[in-house]
Amino acid sequence: MISPTRHFARVDHDRHARRGFPEVIYCEGKTPQQVISIAREILSCSGQLLATRVSPQLGRRFRNAIRGAHYHAEARALTVERKPLPKHGGTIGVVAAGTSDIPVAEEAVVTAQIMGNRVERFYDVGVAGIHRLLSIQKNLQRCSVLIVVAGMEGALPSVVGGLLDKPVIAVPTSVGYGASFGGVAALLAMLNSCSSGITVVNIDNGFGAAYAASLINRQIR
Amino acid sequence: MISPTRHFARVDHDRHARRGFPEVIYCEGKTPQQVISIAREILSCSGQLLATRVSPQLGRRFRNAIRGAHYHAEARALTVERKPLPKHGGTIGVVAAGTSDIPVAEEAVVTAQIMGNRVERFYDVGVAGIHRLLSIQKNLQRCSVLIVVAGMEGALPSVVGGLLDKPVIAVPTSVGYGASFGGVAALLAMLNSCSSGITVVNIDNGFGAAYAASLINRQIR
Amino acid sequence: MISPTRHFARVDHDRHARRGFPEVIYCEGKTPQQVISIAREILSCSGQLLATRVSPQLGRRFRNAIRGAHYHAEARALTVERKPLPKHGGTIGVVAAGTSDIPVAEEAVVTAQIMGNRVERFYDVGVAGIHRLLSIQKNLQRCSVLIVVAGMEGALPSVVGGLLDKPVIAVPTSVGYGASFGGVAALLAMLNSCSSGITVVNIDNGFGAAYAASLINRQIR
Amino acid sequence: MISPTRHFARVDHDRHARRGFPEVIYCEGKTPQQVISIAREILSCSGQLLATRVSPQLGRRFRNAIRGAHYHAEARALTVERKPLPKHGGTIGVVAAGTSDIPVAEEAVVTAQIMGNRVERFYDVGVAGIHRLLSIQKNLQRCSVLIVVAGMEGALPSVVGGLLDKPVIAVPTSVGYGASFGGVAALLAMLNSCSSGITVVNIDNGFGAAYAASLINRQIR
Amino acid sequence: MISPTRHFARVDHDRHARRGFPEVIYCEGKTPQQVISIAREILSCSGQLLATRVSPQLGRRFRNAIRGAHYHAEARALTVERKPLPKHGGTIGVVAAGTSDIPVAEEAVVTAQIMGNRVERFYDVGVAGIHRLLSIQKNLQRCSVLIVVAGMEGALPSVVGGLLDKPVIAVPTSVGYGASFGGVAALLAMLNSCSSGITVVNIDNGFGAAYAASLINRQIR
Amino acid sequence: MISPTRHFARVDHDRHARRGFPEVIYCEGKTPQQVISIAREILSCSGQLLATRVSPQLGRRFRNAIRGAHYHAEARALTVERKPLPKHGGTIGVVAAGTSDIPVAEEAVVTAQIMGNRVERFYDVGVAGIHRLLSIQKNLQRCSVLIVVAGMEGALPSVVGGLLDKPVIAVPTSVGYGASFGGVAALLAMLNSCSSGITVVNIDNGFGAAYAASLINRQIR
Amino acid sequence: MISPTRHFARVDHDRHARRGFPEVIYCEGKTPQQVISIAREILSCSGQLLATRVSPQLGRRFRNAIRGAHYHAEARALTVERKPLPKHGGTIGVVAAGTSDIPVAEEAVVTAQIMGNRVERFYDVGVAGIHRLLSIQKNLQRCSVLIVVAGMEGALPSVVGGLLDKPVIAVPTSVGYGASFGGVAALLAMLNSCSSGITVVNIDNGFGAAYAASLINRQIR
Amino acid sequence: MISPTRHFARVDHDRHARRGFPEVIYCEGKTPQQVISIAREILSCSGQLLATRVSPQLGRRFRNAIRGAHYHAEARALTVERKPLPKHGGTIGVVAAGTSDIPVAEEAVVTAQIMGNRVERFYDVGVAGIHRLLSIQKNLQRCSVLIVVAGMEGALPSVVGGLLDKPVIAVPTSVGYGASFGGVAALLAMLNSCSSGITVVNIDNGFGAAYAASLINRQIR
């Protein structure tokens, strides 16, 4: 009899063809064996691998098991890049409001880079000292798409969006306490932005923001 | 036998002595007769009267019943000012993000004025066009306390607070739709502001913000 | 003395330069006089005007007051297009799950068109009859960006996103009842999509989705 | 005097007669002594026992205390099957969206099997790769009732339900993060499904879904 | 050019084959013209029609437009039954807690009947007078599936489920006030039932419960 | 054939025996015919009748249909008292924080009186002027049970409870706005009271508080 | 200089006179030193002491520090009873739905007993096997007040209340998972009970329920 | 190549000039290295430093790294005061309802003191024993601004505010359980206070309240 655990995953090998990038492994709720087994199957027919929400312990185990695996501690992400993708035309700007938002921003950076994008970082430019943001306005405008990461009141995407004619993807973070409700305050602020054209991803989802930004950037002239 | 409706209110005449201003009538949920009867009792021993959440119909009826009553349509407030209070030292600045926030801002203006404060208005300076705010930064700094009114993502108090060394009272408004949840998004944003020292009042509570601002301003040198 | 109502709006004329499109008027919470006065000021230095959340009554009043105003009943939007913008390179696809989602989808269509985009509509392709969606997969893939509008369980963007390598902007609608909580169920579903790279706008915000899509499409080769 | 802890449980021996299966022990919030004592009392007059939410430690203790106890690690369930029930006519299909949903799906499998049902598993067929689901459509249609387990946006039951004329019981899982709110996003999606006739159980309640499915399946010709 | 309103619906004619019943029209958010046009298209290849959430006005208009249309006022549903389906084997019992829950129960009754089921009603048997329920226990046990409709604290399905070995589908209603939150209290109670095997549909969704019950009943010997 | 509407109610005549008072009619969600028909059936074997949430229109219709019916406008309640119950020993005190809370307090008064209780009213004694409450402390202490009605922040029961050794039943009202969420703020405050032994009923449920108070008072020596 | 920690508590010695029982110590959020110091001050002028939410460690420390301290492990409560209060007339019945609800029920038992009440326990009588409850109906009716403790769907107080003419105090527990939201489902169910006259305390607040019951019972003839 | 971690913070040195106090370090979500590096940069051009949410471990590490660092254990705050600010004119009163609220109150005390304010503490004066508060009314009135800290039902600011003509800043704490939802009950109560002019900060935000109070107090004559 075939054990049910043999059926835990059906890797979607067609995904690279359909979506331009192979399946990405979200590690929470999966056992290390499951993760590594899925990783091997993906690498059997793809030159890149990305895994997110990788604990340091899993990262170590991964590096021992998979040749060429690189663990990004701050981003809690793991990459294998056997055949790097060619770089797309534009640049993705990753903007973070505060020091505590950096882990989420770094998840976006790692994701964007392995998907073939040039990335520029703009960190600690929160709205409580608005001149820090205004001093980098021109650098932001040179990017083709902006990922703006903020916790607490989540105001930064509204101000960034109001300054530029580029798409802004807002990432709320769970940074905050009390009535921030684990990032809900920032999420709601971003959904209700008075700057037109802000789009939003889930709380702490730096990966998703970068994936979307990459789908945009790869079409840019 | 005394009818129970005779007991609908015990006017707190001692309040003026204790709190520096007579009882204020919040009109929602009260019948016109109740409102006018309470108003008469307050005016029997005070030279000022303020009523808030006054519908146009109630405003008309009020003006017919009470000598010297003035209805402020945009603020939906009613004042009687038989013995204006002397003006306090400082100025209260009332800042509003968008045109739709003005009714709440005007409730704050009317309240602050009848309580003996000088008021300056700064309207339509939302964060989607941040230069509008920066161009009035010096005027804001001259006020002794700021009331900042905003709906949608409620980001304005964070930016104003970051520019000044004056107390900022934030008023979320119910302006917005969908996931603004009637002002909850703005309320949460203001409670989670990354600018230190912002305090917050209830959604659409321009009155309460101005009352607090007046308690501050009357102590200013 | 200058009446405070003179100060209800500071039109941000610089916005066209900064963001590529003039200020858009969100009509809820504004009086007809305010709306028309703002519209005139925008048209004084711009060849396009867009107003959203326009009731039929306001639409009629608008058309009488402003030459060339066109009211889009289903979208509840109003446009003036004195100097149409040149068309961008790609096409924006607007996908709607059910018949009841069409008003929100049409707001997106009207917005995208006046901002200089080619638009293609794909309506009534909800997931309860998945073959309807599969039969148009190739047409969807030809678009440069997809706006996917759905109420109820909000599953459509996940399925669309999984089929394509193009950016998908999801718009939850307030279509539903009971535990849909006015669109919150769909909003949460979209934020938690298992398809990578979906971004989301506020409930019923067809305008915002199209604005974001246009910022993307104008950069497409 | 009788100690109050003697009264911690009144086993409902009549339940097998009334409901077709003996009382099931939900182990959370009960001490190991309570669980084992209840288990013994049930087995004193029944040939089957099912306990759910059994930690590995409790599982070990159970196996030492009760002859024939079998611990299902992935399902976190424990069974004793001294007199297996005869198999009902139809088959229960258990469908899971992702690898992380498997523990909940397995709880359903274990429950359905001890209650006398044939079970077929269909795992990792989430909507982000819809062809995986379409390729098993005929197998699903052969089942008499489907249990569909999904976290994140919970879209899978809508698509499955739209393909078949069989009852679908949807089980939201707490798989997800941020605005998934521990499974609430999936729960709401399932309650608002646009596919007619989906019914829903509590988050992570694989047991309840299988119990309901068994009440259906035992009546099937 | 083809007007977009021509595209408002793609009737899923294949649905009868796939799911055993033609598409059902949910009328909220659709214009009368849309509803009647969709109805005509469904009837062009099906002998039954069901429309739900039909206001009395729409009901009148419907009866004038469609031959043989029957409006069920209490259920706010409309049926056309040109070729009644043969009756399935079992009986669906519809149980309602209070008088105010009857409209939702009747929506279930009308739906179940047109889908080819025998139906028995058991109304006003709420848990505050438990003997009313116990006196009909045997009648309930004779049904093959039970739909249990309750608002307020939603306790009835737990008690019914504990008495029988038949599947129970719980329907929370929006009957209640204050902290019932439009049916959320009852919904949560039903999802957390201590009786095993209760499944739940959306608030006020009598239609969905009956659809699910019919998918069960049609398989009953 | 018997019409289903004949089955809309099964009056629980045994209730008077079991619970000491006949069934009470909650009128929301019932048609006038249903209400009057139930009222007649109750009066056929009881000397008292209480109906709550009675609109003025329904009140008028009631008085025309039922001999001796008395409509209490402020309480929105209707009573028929053909055989008044003998008075119990103690007195129920009904305390209301503000003028706007009086309708709920009056529902409690009417309920308590028809159930055979002496009632004393203490209105407009909110915590913003605490001396009003302290001046009636002795009168409160003479009651055997207190019903304390308050909206907004719902603080009054905590202060009343801290002053007395009598049971306090707290009734939150929907008085307030913004983040009062229709009485939820007051409800939560009352459930979290720092005064020991406060119990709470649903928002605006003056009837329920008085019913509970009467079950207490009828046992008082 | 006086250290601020000297000011951590002002014991309310007057409370025994005012409320009939000395201050009770709620131990969460207090340091062991604070708890024991407050306990000593209370015992300096009172013959009874009750402390709740006492962890086993704190319980051990307490017993070493305070003569005559008794730790009730299941209730997580601690009592010192140097001068037991005379017993009141009636009996308080404590009813619990399931085995997992017993800790909360025991907190009620310990509280009621030290406050001078006779107590009777009725455990594991949940509504999924309703005959268990009906078999003790007469014993329940002999109590003067009932405390009914239940988690999950919280249906038990509705059924108990419907059977008796005695006050019922409902205690929701945090027993449950998923959409029980830590006891919120049970709390809402109890607040919305269709049985008249149920009052409710906070989640897991066995102490508060017993305190309220004692204020009732001490007045009973 | 410059490591991204070099960019984790851009210290806003201009803040002291703009806001009257240097940047304050909120330590949660930052690594010890980040915190100490930011602290050194602030101290390089300022004579005061405040860090909040400092765990005991971080506090120890801080004291070893930074000369003159003082750790306030109860407040979980750290200060360096190389050049104490001159004292402002008025006094800030810090009022706490219960012993468990003291950590939050102490965070306010430490913040107010380092910002140049005289502070007076009033602890354990909750509303369950209202005479404790009334006995200090005159001392409260002598303060220029009051910070009122309370958990559970959060009623204290309403009573304090009603007694005085001084600004009251309310701080909800997460003290409580069950339906206190980590301080949300207290937060809502404070936002809905019936005492005019209460302003509110985030849950447990003693720091923010003191910062706002200091901005007021520094302007007091």
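The first chain written gets the first letter, and so on, giving A, B, C, D, E, F, G and H; residue counts start at 1 in each chain.
Assume a contact is a pair of C-beta atoms (placed from the backbone, for glycine too) under 8 Å apart; a residue touches a chain by one contact, two chains touch by 3 or more.
The shown structure was predicted, so the numbers you read here are calculated from the model rather than taken from an experiment.
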Mutual neighbours - chains that touch subunit B and subunit G alike: F, H
Copy pair subunit E, subunit G: interface residue numbering same or different (half cut): same
Identified repeat of the B-C interface (over half of residue pairs identical), from E-G, A-H or A-B: A-H
Farthest-lying chain, centroid of Cα atoms versus that of subunit E: H
Chain centre separation (subunit F, subunit G; CA means) in Å: 26
For subunit C paired with subunit F, centre-to-centre distance based on mean C-alpha positions, whole Å: 49
Separation of subunit C from subunit E, taking each centre as the mean of its C-alpha atoms, in whole Å: 35
For subunit A paired with subunit F, centre-to-centre distance based on mean C-alpha positions, whole Å: 56
Overlap residues in subunit C, where contacts from two or more other chains coincide: 128-129, 162-163, 178-180, 184, 187, 191-192, 196, 202
In contact (per the touch rule at the top): chain pairs: A-B, A-C, A-D, A-H, B-C, B-F, B-H, C-D, C-E, D-E, D-G, E-F, E-G, F-G, F-H, G-H
Touching residues (chain side subunit A, partner subunit B) in the complex: 97-98, 126-130, 134, 152-155, 158-159, 161-163, 176, 178-181, 184-186, 188-196
List of subunit F residues in touch with subunit B within their complex: 74, 99-100, 102, 106, 109, 121, 123-125, 128-129, 131-132, 175, 177-180
Of all residues in subunit D, those that touch subunit G in their complex: 4-5, 7-10, 12, 14-15, 26, 28-30, 34, 38, 172, 174, 182-184, 187, 202-205
Residue ranges of subunit D touching subunit E (in the complex, touch as defined): 18-20, 24, 90, 144-145, 162-169, 187, 191-192, 196-202, 207-209, 211-212, 214-216, 218-221
